[in-house]
Amino acid sequence: MTLTLLDELLLFSGATLLVALFIGRGLAAGWMVTILYGGQLLTLLKMAALGYGGGIIASSLSFTVMGQNLSWRFDALSWFFALITLGSALLSSWFACGAWERSYAKQGGNIWLFHLAMALNVLSMLILLASGDLLSLFIGWELVSWAGFLLMALAGGVATQAAMRYITYAMAGGMAIFGGLALVYSSSGSLQLDAVLIAVESMSTTKLWLLVILFGGGFGVKMGLLPFHLWQAPAYAETPGPGSAFLGAISSRMGLFAILLVLVKLFGIVNIDSLKIPFTLIDARDLLAWIAVFTIIFPTFTAMKQNDARHLLAWHGIGQGGYMLLGVVVADAMGGAGGLLHVFNHATYQAALFMAVTAVIHRTGTADLNKLGGLVVRMPLSFMVLLIGIIGLAGLPPMNGFVSKWLVYRSLLNEGMPLLFLAAVIGTLGTILSVYKLIHNIFLGQLRVEHEQVKEAPWSMMAPMLILAAIIFITGLFPGIPLAWVASVQEVVGLPATDYTLGGVESVSGSLDMIWVIGVLFAGFGIGAVIFYSAGRSKRVHQLDNYAGGHFLSADVRYQYSDNFYAGLMHLVGGWYRGSFLWLEKSVISLIDFLSLVMQGLYRRANAEFYLLSTALFVMAWVVI
Amino acid sequence: MAPLELLLELTLMPLVAFLVGMMMVLMMRRIAARIQRRVGPPLFQPLYDIVKLHSKQTQVSHGLIHDIGIVMAMGGYIAAETLLPVPGMNGIAEKGGIITLLYLMMIPSLGLALGVGQCANPNGSIGIARALTAMLAYDIPLVIVIFGVAYAAGTTNLVDIIAQQQAGGFATWGAVQMPLLAVAGLIAMHASLGKQPFEIYIAPAEIATGPMVEMSGKHLGGLFVMQCFQLYTISVLYVSLFLGGGSTWFDFLLKSFLVLAIPASIAYLFPRYRTEDLLRLMWKWPVMLGLIGVAFVL
Amino acid sequence: MNGALALTIALPLLGAFLLPVLMRVSVAFGVWIGPAILAYGCWILGDLWLTGSMQPFSVALGGFAPPLGINLYADTLALLFALAAQLLGLIFWPFKLDQDSARRQALMLLLVAASTGLALSGDLFNLYVFYELTAVATFGLVAASGTSAAYAATIRYLILSGIGSVLTLFGIALIYGQTGTLNLAHLAQLAPEQLSNELGLAAFLSLLIGIGVKAELFPVNTWVPEVYATASSRLSAFLAGLVSKLALLIILRLLLLVFHQPEAAQVILILGILGVVSGELAAWRAKEMRRMLAFSSIGQLGVLFIAMALPDGQGMLAVLALALHHLVIKSGLFMLADGWGGALQRLRGSAAASPLAAGLFVLFSLSLVGMPPLPGFWAKFTLITELAGQTEPLYLMGLTVFLLATVVEAAYLFRVAAIIYQSAPQERRPDEIPKAGGLSLATAGLFGAGLIATTLLIAPVGDRLQTIAAQAQDVDLYINTVFPATPGASQ
Amino acid sequence: MIPALTPELILYATAIGLTTIGLAGVVLSVHLFRMVLSLVIAEAGVNLMLVLAGYRWDAVAPILTSLGEQPAMVDPVPQAMVLTAIVIGVGVQALAVSILIRIRQRYATLDRWEVAERMDADIAATAGTPRDVSQEAPLGERPLPPIPAKRVDPSGSES
Amino acid sequence: MGNLTGLLFAGGLGFMLLAIAGGLDFGAPPMLIGSAIQAQAPAETGATNIVTSVVLGYRAIDTLGELSILFAAAASAGLVLGRRHTSAGTQTEGGFILRTGGGILFPLMMTIGFYIIFHGHLTPGGGFQGGVILAAAFFLPLLARPGAKLHHSTLSLIEGFAGASFILVGLLALAEGKAFLQPLLIQDTLGQLFSAGTLPLLYLAVGLKVGAELASLLSRLAQTEASQ
C-alpha cells in the first residue's frame, strides 16, 4: 500500500507519541519532541496544495468493524485546523523545553507525563481532523476529549477537580453526539458522509430539530457555548503553563471544526435556517447566533472580574469562541471568512498571551493580579508580547484580530442584524476594558519591592513568544495569507467564498486594505514622534517621584490601584452578576444527589419480598386485565 | 490616484486638521468664556500654549512607555484624519470604512492609557479606568448610529455616503433622512469629546485631573495637540455622516464649527456626572433613540 | 465426541462428591483435583469450540429422544458461555487452604457444574434444577466467609431466592399444564397455538421474576449490594461476571424460542430501564468500592435487559457483546477490589503504591464508559444503533436513559480514579495505603490483557460475534437440530 | 355467584391459597424463622400445583399392576418433578435453619429489621466508611439494643 | 399500615393467580409425553413403577442435580455450623420409653428403609423416601442419648461413595458408548425383584446418600442447639 501524505503525517505523529512515551525521561526529551512537531508541520506543509486548491488526500488506513467501514482523509478544512494545531503544538512544546521544564520539575511536576499528554493530544486531534465519516468523527472526538482530560488533570489538586468537572461535561456532550449519530444511522442506514447528505433532505423537521439540538449541544459543550461553558475557564487556567497555551489556542476549536463538518456541511445552513421555532419568529440559525452572542458577552464581563491572569485569559477564550460561531452562523461570504479567520487569529494571540503570563509566573511565582505591577521595567520583551497579544485580542487595527472582527461586523451589517451587531460590539468593548486591566495590573503601575531583581524571561521561553508576536503582526499586515486558506475551506464546507486581496477584502459595500491602514497609522506615529521628540530630551524620574497630594511615597507603601479595577462600572453592572449558570449547575448536581439518596434508601430499607410481591401483582394484573 | 498625489494628500490632511482643530479649541474656550461672562483667550492662544509646553527646559518622563503613549495618542488621530474625506481630498477613505475609523479612534485612548499606566500614579489609573468606562458608555450608541447610517447607505465607505447625501441637496442629508439617529449621534459625540458634563475621568477635584496628573511639558503639549485633532475628527465625522459633508471648503468649515458649537454651549451648564450615572444616561436615551432610528431604517 | 459434553457436567459433580473424602485422605492430592477437573472441562469445550463446525448439536441424556428425555443443546452461544463458566471457575478457584476448604472447593465445583448445566440444558425443569443448585451453592459459598454480616446477607438472599423459585415452579406448572411438555424445542413448536394467550404470558412473567432474582432484575435485586459486599471478591467476581449472565441467558432463550408476545418485551424493557436508573444512581453515592461495583453491575445488567427487549431478537448481538464485555470488565474490577476493598477515601494515593493496578482500573473504567478504540465502545455502538432504529417512544426513552447512565457512570468511576491518583495524605504511613497485589492483581492483569487483545483484533471478534448471534436467533435451526428426523410432528 | 364447588376449584384454590398464604407470611412476618416457615408453606402450595398439572379424571397411580392392558394412568412426569422439588425444598430449608442458628448466636436477635441494621453496621465497619444513615433514628423502630457480651463472645468462634 | 398493604397485595396476587389457573383445563392434561412414557417405560427401563423410570431413566440428570443440591445444602450447613465438636450436651437424657423403644425400633426402621429402597422400581417409593427413613433410624439413638457421639467421618464417607457410585453407573453407560446415565442390563424380567437393570442400583446409591446426609445434618443441628 503506497504511503499517502496523510499516512506519513499520522505515522510521524504516532512516532512523536512513542518518542515521548519511551525516551521522555531524559532532559533532552523536550527538545526532541519539539523538533518532531516541527517535522510534522513540514509534512503538513507538503500537503499545502489542500490549503489553496482544495481537493482531498485519502489515507490508505481504512477498515470495517461490525459492518461499519471507517476511513480517514484530509481536505482543506482539516488541513487548515491541522495547521493551527501543529503550529500551536510546536510553539507550546518549544516554550515548555528549557527553563520552564526545569522549574516545573523542581516544583514536583512530571515532565515525562506532560510531554506524553501533549503528544497524545496532538495525535488525537489529527485523527479527529482526518475523520472520513461520522463514526470516525465520533471516535476522534472521544479520543480528543480524553486526551484533553489527561492534560488537564496533570497538575493535581485543583486541576484534577477542574478536569473532573470537564470530563463530566465532555461525557454528556459525547453521549449527546452518540445519540445523534444513532438517529442519523437509523434514518440513513449508513454513517458515510455522502449517504447522510442524501438522508438529510428526506428527514422530517422534528427529527432534524432533534439532530441539530443533539449535535449542536454535543459540540457546544466542547466549544464552551453558553449553558455548558462553566468548565472551560478553570480547566484551561489550571493546566500547566504551555499546556494551557496549547489548549487555549486550539482545543475548544475542535468543537467548531465538528460544527462546520456536521451542521454546516452535512445539514447545510439553509436547512437549519428553515427550522422554525414554533410561536416565535426566530429559527435555528438565529438561535445559534444568539447563543454565540451571549457566549461573547457573559464570559467577557466575567473575565473582567477575575483576579487571576490565567483565569481572565481562559474566560476570554470562551468569549472569542462566540465570535467564531457567530461568523460561521451568519454564513455569508464575509461572515464565514471572519469566523474561520478568527480561529487562526485567536489561536495566535491566545497562545502568546498564555505564554507571556506563564513567563511572568515563571519569574515572579504568582499570577494574582493584585500581587503584581510595574514589571515593564524589568521584563520589557514580555510586556511587548503581551501588548501585541492584547491588541490582537481586543481587535485593534495593527493586529490580525481586527481583520477577523471587521469581517464579522461587516457581515452582520450586510445581513442587517442590528441587535447582534450591538451585542458583538459590547463584547469587544468589554474585551478592551478587561484586557487593559490585565496589562495594567501586571506590567504598569508600581513595581513591588520583591520584584526588583526580576530578570526578563529566559530565551527558551522568549523565542516562541516573539515568533507568535511576529505572526500576529504579519497576518495583521497581510491578512491575505490566511484568507487564502479560509477561502478554500469555505468552498469545501459549502459557504460562499470571499474574494480576498493580500491586504484585505475587496467588496462593493466598503473594502479593507490593511497595508494602507497600517501604513498610514505608522506614518501618523512618525509625525507624532517628530512633534514629541522635537522638544528635546526629558529627564527620567524615579517611580516614587510622583504627585501624591502632598504625601511622601515610600517603597513599602503599596499605592497601585488594581483591586476592583472598574469600580465605576461595577456600581451599575455589579448587581447583574448573579452566577445564574453556577446556580443551574449546582441544581442539576443536587438533583442527582437527591435521586441517588432515594435509590440508596430503596436498596437499604428494602423489604425485598414486598417489592417482589408487588411487581408480581402488577404484572399479573396487567396481563389479566 | 497617482501615488505621489496620494502622498501629498496624506501630509496635507493632518495639517489642515491641526489648523482647523486649533480654531475649534479656540472657539470652545471663547464660548465657555462668554457663558461665564468673561472675554476669553486671544486668537492664537492654543498655538501659544503648545509652543510654550514644548519649549520647557525640564521635561519630566516616567519611562519609554510614557513617551510612546503620548506618541500613539497623537499618531492615532493623525492616521484617523487621512480616513476622513475633506472637500477635494479623499485620502484613503476607500481603503477602510467607518468601522476602521471607529477602531482607529480607539487607538489614541489605548495609547494614553498605556502612558498613564506607566506613571504609576493611582489617580492616573483611576482616571484611565473611568475613561475606558466612559468609552464603553458612549461607544455603544455611536456604534448603533454608525450601523444605521451604513445600513441606510448600503456601504461603509465614507466617500460614497457623502456622495449619496450631496446628490439630493438638502433633502437627502443624513439628519433629514434619519432625524432620530442624528440626535442620538449628537449626544454620543458630545460624550466622546469628554467635555464638561461627561468629563468624569479628568475631574480635577477628585483625582487631580486624572490621567493628566503626571503630564507636564511636551507630554501635556502632545495631549493638547491630540485634543485639537480629537475635536476636528469628531465634528467632521458627524458632518460627513449627517450633514452631507462639505461640497466647498467654506460650507464644510461652517458646518463643522456649527456642529461643535452645540455641545460647547451645552457643556458648561451641567454639573459633572458620576461614572455610573454617565453609563446609565448613555445607555438609556441615545441607545433608545438609536435603536428606534435603526428600526426605521431597516 | 458429543458424549463428552455430558462429562463437563458429570465430572465436576463427581469431584464435588469425592472431594471431602479425598481431602481427609491426603490434602496434597485433594487440592489439585478441583482445578484438574475444570481444566479438563475447559479442554473438552475448547476443543469442541474450535473443531466444531459451528453447527449446533443436541445430546440426548440417558439415551432418550428429546421430548421424553432431557437434551443438552450446544450451539456456539451455549458453548461459549459453558467454556466461560469452566474457565472463570478455574480462574476464581478458592485456593485458600483452611479447615473447611474441602467443602468450599466442593461447593465451587458444584457451582461451576450448575453454571455449565444452565448454559447447555435444553429442558425447562432441568434449567430450574440447575438454577436452584447455583442458588444453594452460592448461599454456601457466601456463608463460608464466616462473618455475621455474611450470614445476614445470605439469609435475606435465601428467602428472596426461595420466593423466586416458588414463582418459577408456578410458571413451570402453568406451562406443563398447558402444553404437557418441558423440552424447549418442543415448546417452541407448540408455543404459537398454546402459549401465545394470556396464560402463556402469565407463565413467562412468573418465570421472568423467578429467574430475575439471580439476573439482578430491578425490583428483586436488593440482595446484590449486601451479598457482593460480604462475599469474597473472587466469588463476587464469579457471581457478578458470569452467573447473573447465565440467568439472563435462560430468560433470553425463553423470550426468543417460546414467548413472542410484545407485552413480554415491554415488561422487560421497563424493568431494565428502572434497573439502569436505580443501579447507576445508587452507585453515584456508594462510599465503598465493592458496593459501588455491585450497583454498577445492577446498572449494566439493566442495560442488558433493555437490549434483550428489542423485538424479535434484533438485540441479540448487542446482548452478546455487552454481556461478554461486562463479564471481562466486572471480573477485572472485582479482582482489583480484592486489594482495594475498603472505603473509597482510604484509597487516596494508592496509585503510587501500585501503579499497575491503578492503570488497570483506568483501563477498565474507560472501556466500561465506552472510549472508542476499546471494545466497550463497539458493544455500546451495536446497542445504540439498534435502539435508535425503533419507533416506539419507550425504546427511545431507553436510549436516553442508557446515554445519561453512561455519563453518571463516567462521573463516579473517574471520581474514584481521581482519588486513587491523588497524593497520599502525609499522616498515612506507606504500609497503610492499600495495595492491590499478588494473585488478584495477576488475574486482573489477565483480564486487562484480554481487553487489549480484543481491542486490537476487534474486526474478527466482531464478525465472530455476529455469526454467533445470527445462529442463536434462528428458532427453526434450534427445532431442527433437536428433532432432526421429524419436521415438527411430535411423536 | 359462588362458583360451583367443583373439585377442580377446590384443588386449585387450596394450591394457590397455600402459595398466597406462604407469600403473605413472608411479606408480613418480622421474625426470620417465621419467614422461613411461610416459605415452606409456599413451596408446599406450588408443589401441589405442580402435581395437579398432571392429574387426570378417574386415573390411577402410574404403577403397572398387571401385564395386560392398564387402566388410565395419571401423568407420571409431574410426579417426578414434584419429588425433586420437595427434596430441593428440604435442602434449602435445612440450610436456612442452620444459618438462622448462626445469626441467632451472632446478633442475639432474629428480628429482620434489626438484623438488616446490624448487617449494614458491620459492612460499613469492615469497609471503614461512615454509615450513610442518620444515627439518631436508625431504621428499626427502636434504637439497637447493645449485643449482650456474655452470651456470645465477640469473635463468634465456638467455645 | 405496611401490613395492610402487604395483606391486600397478597390477596390480590392470589386472586390473579386463581384467575390465571382457571385457564388450565383441569383434569385433562394434554399428556403429550406422559402417555408416550407410559407406553415405552416398561420396555425401555424395565421398571413397573413408571415414576421411577422417569426419575432415574428419562430425567436422570434432574435427579443427579437434585442429589447435588442436597449435598450442597449439607456441605453449606457443615460450613455454617462449624467444625465437629464433641460437647457433652447439657440436654436431658431421653426418657426411659425413648431409650428402650429406640433400641427396638432401630433395626425395624433399617429393614423398612432398605425394603423401600430395593422395591423402588416396583412399588411406590424409592431412594429418597427410603433414605429419609434410614436417616430417622440413624437419628433415633441420638435423640435417646444426646451424648452419643455420631461418627461423622463414616457418614461423610458413605455419602461421598454413594454419590460417586451414582455418577460412576452413569459413566459406565458412557463407557459402553451409550449416552450418559442410560439404564443398562435391561432384561425383560418385568415385575421381579432383580428387574429394571441398573435402576435399583441407582436408587440404592440415592437412598444411602440421602440417609447419610440427612442424618449428619440433623445431628449437627441437634448438637449446635445443645452447645448454646
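Labels for the chains are A, B, C, D and E, by order of writing; each one numbers its residues from 1.
By definition in this document, a contact is a pair of C-beta atoms (placed from the backbone, for glycine too) under 8 Å apart; a residue touches a chain by one contact, two chains touch by 3 or more.
Since we're looking at a predicted model, the values are computed, not measured.
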Fill in: Where chain D and chain E overlap in contact partners, by chain label
A, C
Discussion item. Relative to chain B, which chain's C-alpha centre is the most remote?
Written reply: E
Worksheet item: Which pairing of chains accounts for the highest number of C-beta contacts?
Response: A-B
Discussion item. Based on mean C-alpha positions, I'd like to know which chain lies farthest from chain A.
Written reply: E
Item to complete: Can you check how far apart chain A and chain B are, centre to centre, with Cα atoms defining each centre and the answer in Å?
Response: 36
Discussion item. Quick check: how many Å separate the C-alpha centres of chain B and chain C?
Written reply: 80
Discussion item. For chain A versus chain C, what separation do you get between their C-alpha means, in angstrom?
Written reply: 46
Worksheet item: How many Å are there between the centre of chain A and the centre of chain D, using C-alpha atoms for each centre?
Response: 64
Item to complete: Identify all positions of chain A at which a residue touches two or more other chains, and write them in rising order.
Response: 600, 607, 609-610, 613-614, 616, 620, 623-624
Worksheet item: Which residue numbers or ranges of chain C touch two or more of the other chains?
Response: 125, 129, 132, 136, 139-140, 143, 151, 156, 159, 163, 170, 174, 176-177, 180, 182, 198, 202, 285
Practice prompt. Going through chain E residue by residue, note those that touch at least 2 other chains and give them in order.
Written response: 6, 9-10, 13, 17, 20-21, 24, 29, 31, 33-34, 37, 58-59, 62, 65-66, 69, 72-73, 76, 80, 83
Worksheet, complete the sentence: Chain pairs satisfying touch are A-B, A-C, A-D, A-E, C-D, C-E, D-E
Discussion item. If we count contacts the way the header does, which residues on chain D are in touch with chain A in the complex?
Written reply: 23, 26-27, 35, 120, 132-133, 139
Fill in: Residue numbers on chain A that touch chain C, as the complex places them
63-68, 135, 138-139, 142-143, 146, 153, 156, 160-161, 163-164, 167-168, 171-172, 175-176, 178-179, 181-183, 185-186, 592-593, 595-600, 602-603, 606, 608-609, 611-616, 619-620, 622-624
Discussion item. For a test of understanding, state which residues of chain D touch chain E in their complex under the given definition.
Written reply: 8, 11-13, 15-17, 19-21, 23-24, 27-28, 49, 52-57, 61-65, 67, 70, 73-77, 79-81, 83-84, 87-88, 90-92, 94-95, 97-99, 101-102, 105, 158-159
Worksheet item: So in the complex, which bits of chain C are touching chain E?
Response: 3, 6-7, 9-10, 13-14, 16-18, 20-21, 24, 59-64, 67-70, 99-100, 103-104, 106-107, 110, 113-114, 117, 121, 123, 125-126, 129-130, 132-133, 136-137, 139-140, 143-144, 151, 170, 174, 176-182, 186, 197-199, 202, 490-491
Discussion item. Per the contact definition, I'd like the list of chain C residues that touch chain D in the complex.
Written reply: 125, 129, 132, 135-136, 139-140, 143, 146-149, 151-156, 158-159, 162-163, 165-166, 169-170, 172-174, 176-177, 180, 182, 226, 229-230, 285, 287-291, 341-346
